[in-house]
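If you scroll down you'll find the structure; I have some questions about it.
Order of writing sets the labels: A, B, C and D. Residues in every chain begin at 1.
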């Protein structure tokens, strides 16, 4: 982002303030474009993954080939054209605000995500802390949506969502401690730099010790629960709660929830990539590529690696969704409080012992 | 689709080529994205479920099942509409956002079917309470027949011109 | 404590088994019939749409009486001088003209009870299932190839005949008295 | 137990309440009883040692023309025998004792008989319509039932429904 601002400042000769404002706007638009593009691809991919797992074809009629690649665009156009219903008994202000808060929380997370060593919007010393804190802000929007809808199913969905996210925040935070024990810093750049040892995937925290491997799996489970996806989709379980907290939302307002859900999937993917898969660090360094103008940029700082790794996690999440049935509420709470939290605590302790044994401290 | 052309005569519009073309594109997109609310009432519901399953796969047409009427574009009324249930169908229909469509599946939903003469508790056709776009006859229809109904509906949606209609209304109701 | 770990391991292990099952389905060929492009073969004797070969109908109304939901309607009239009625394919001479033969396909049960009593085998179930319509009135199928004017003409002729008969009867009864 | 023997046993115990037994024309044998003794007789049949009719297979209402009747099909899982009880009730005030405290199955079946024929079961915990809407008028399975023109503004008969056709 600094690069863009300085480009406006020096390249176009704009005053500092204007350059800053325009730079911020341009950068946010770029992020928005990226999210929209990702969601369009991810929704299509999700439907295709589900189709393949169920031996079906999936969308095949919208688009130029038989794979229905324009399906999501058709859906978006349709959602844009739908009537916007605001039921009479709702709390109007909260009802309108809720989807935007949910989306904004997800949107803000992207500010802390680095795509390459030089491609990030801001430098945070507590970058990881920021990511976790902001990504769980969306639950406020969900509660607002559930409360404002004046619908019992919405309220149930919202309440379940709060209980779920509050519970699953804890194992995630505890796993962060395990990671930070290795990196010694909360800065995302620092964490990635610690993993970029030159040994390719063997530098990743995933393979540092057996407990970190378990921690990665637990993080994936907790992350899936964080963004309310099957098998943890209790806030919007359609067989019990109609559509949970977004039962009363139509057209574009619903699309924002949709957008936020898929963007959240990407966030979990990126977090997992940063924490365990080496972030934007390439899987192998090819020194010869760095000097070639386009390829060097593409494999160096374009975000290719981190997006690839995040996409992998996103696909694994989709795989989860079309494999597992939904958990019961008590099973959900059992998983969080009686399995994930004790296990993560044990991982921290064992990590410390391991590091002491191998003189890594 | 001679049937389609016969019923839906193209509306006259003088809104310029851009609006008309845009309308065409938008209607094309809408015709490929009909999220449906399933309203299974009797034996036809089983065929409807079979249609959504792997063998016939409604998802190929861009049709996604939605649990809430607020996010649905299309309602499948499949089965015997009793008077007690008719009220609920009406409520659900009114909760759907426009533009919305309905498909009546099976003899019972279309006209009461076998209950049309002596069924004291059966509504004689769901089109008495909600406007039905496509009638899929059969007792019950094959899954392919329902898919044909969906294709017929898509043909109908493609011919709609929502934008032109809206703007001509704003300009003083040239539509009439 | 031991149970707890066994439980956790079982949960994890069975989840992996589930993931394996769905993963293997990536390599199974799709079972979908891509309907508008290809379709299932329907057995030749399957009961779908009713079809009537009007040229063979003798207007006996056996099917109308057999129908459990009364969705068949047949009107017959005496043949006009200009209609020359050919014999049916079974060789039966047609004495009446079927001026109106409608089947309300929206009420039809597809039970085939109308097929068996037909003496001329002219009403049949066909394996055609694609006849969705935009309007319910279009589901009332008319099999007699006459325009409404034609039908009105025939009805008028029929009524004239009836009147004539009544008049003749009246004359006869008067003569008897 | 032999139907004739059972009839004599019942006659001895309940006297006039047991009217007749039909063995020839009815399988299983049909005992016609007084409506005000249905509960007592069922209780006796259920709890007596060598009878033990512990299952109610079906409870049906009938319209016999000038009177209504309620038929209970009882079955003994232990002795593998079944009998039919029939109680005839007046058309004007059809009232009967509920057997829902003896057989849980009777709960819904009695509600159905009430829904379709208007037979009131005294002592039933929740005597209201089960299939038709609560504000429905008339009892459709009575032979003199004439459906109304409309319910909540929705026409019922086909002729009224499709006047425009």
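Here is the rule we use: a contact is a pair of C-beta atoms (placed from the backbone, for glycine too) under 8 Å apart; a residue touches a chain by one contact, two chains touch by 3 or more.
The model shown is predicted, which means the values in this text are computed figures rather than measured ones.
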item	value
Most central chain, Cα average position	B
Chain pair, A-C or B-C, that carries the greater number of C-beta contacts	B-C
Separation of chain A from chain C, taking each centre as the mean of its C-alpha atoms, in whole Å	56
Distance between the centres, which are taken as Cα means, of chain D and chain A, whole angstrom	63
Whole-Å gap between the CA centroids of chain B and chain C	24
Chain centre separation in whole Å, for chain D relative to chain C (CA means)	41
Per-residue overlap in chain B, given as positions that touch at least 2 other chains	54, 57, 60, 111-112, 116-117, 125
Sites on chain A at which at least two other chains make contact	51, 54-57, 60
Touching two or more other chains - residue numbers and ranges from chain D	none
Interfacial residue positions of chain B with respect to chain C in the complex	3-4, 7-8, 54-57, 60, 107, 110-114, 116-117, 125, 127, 132-139, 141-142, 144-145, 147-149, 151-152, 156
List of chain A residues in touch with chain C within their complex	51-57, 60, 319-320, 322-324, 338-339
Interfacial residue positions of chain B with respect to chain D in the complex	83-84, 86-87, 111-112, 116-117, 120-121, 123-125, 128-129
List of chain C residues in touch with chain B within their complex	30-36, 39-40, 42, 48, 68-70, 104-110, 129-136, 138-139
Sites on chain B touched by chain A in the complex	26, 28-30, 32-33, 35, 54, 57, 59-62, 66-68, 70-71, 73, 95, 97-99, 162
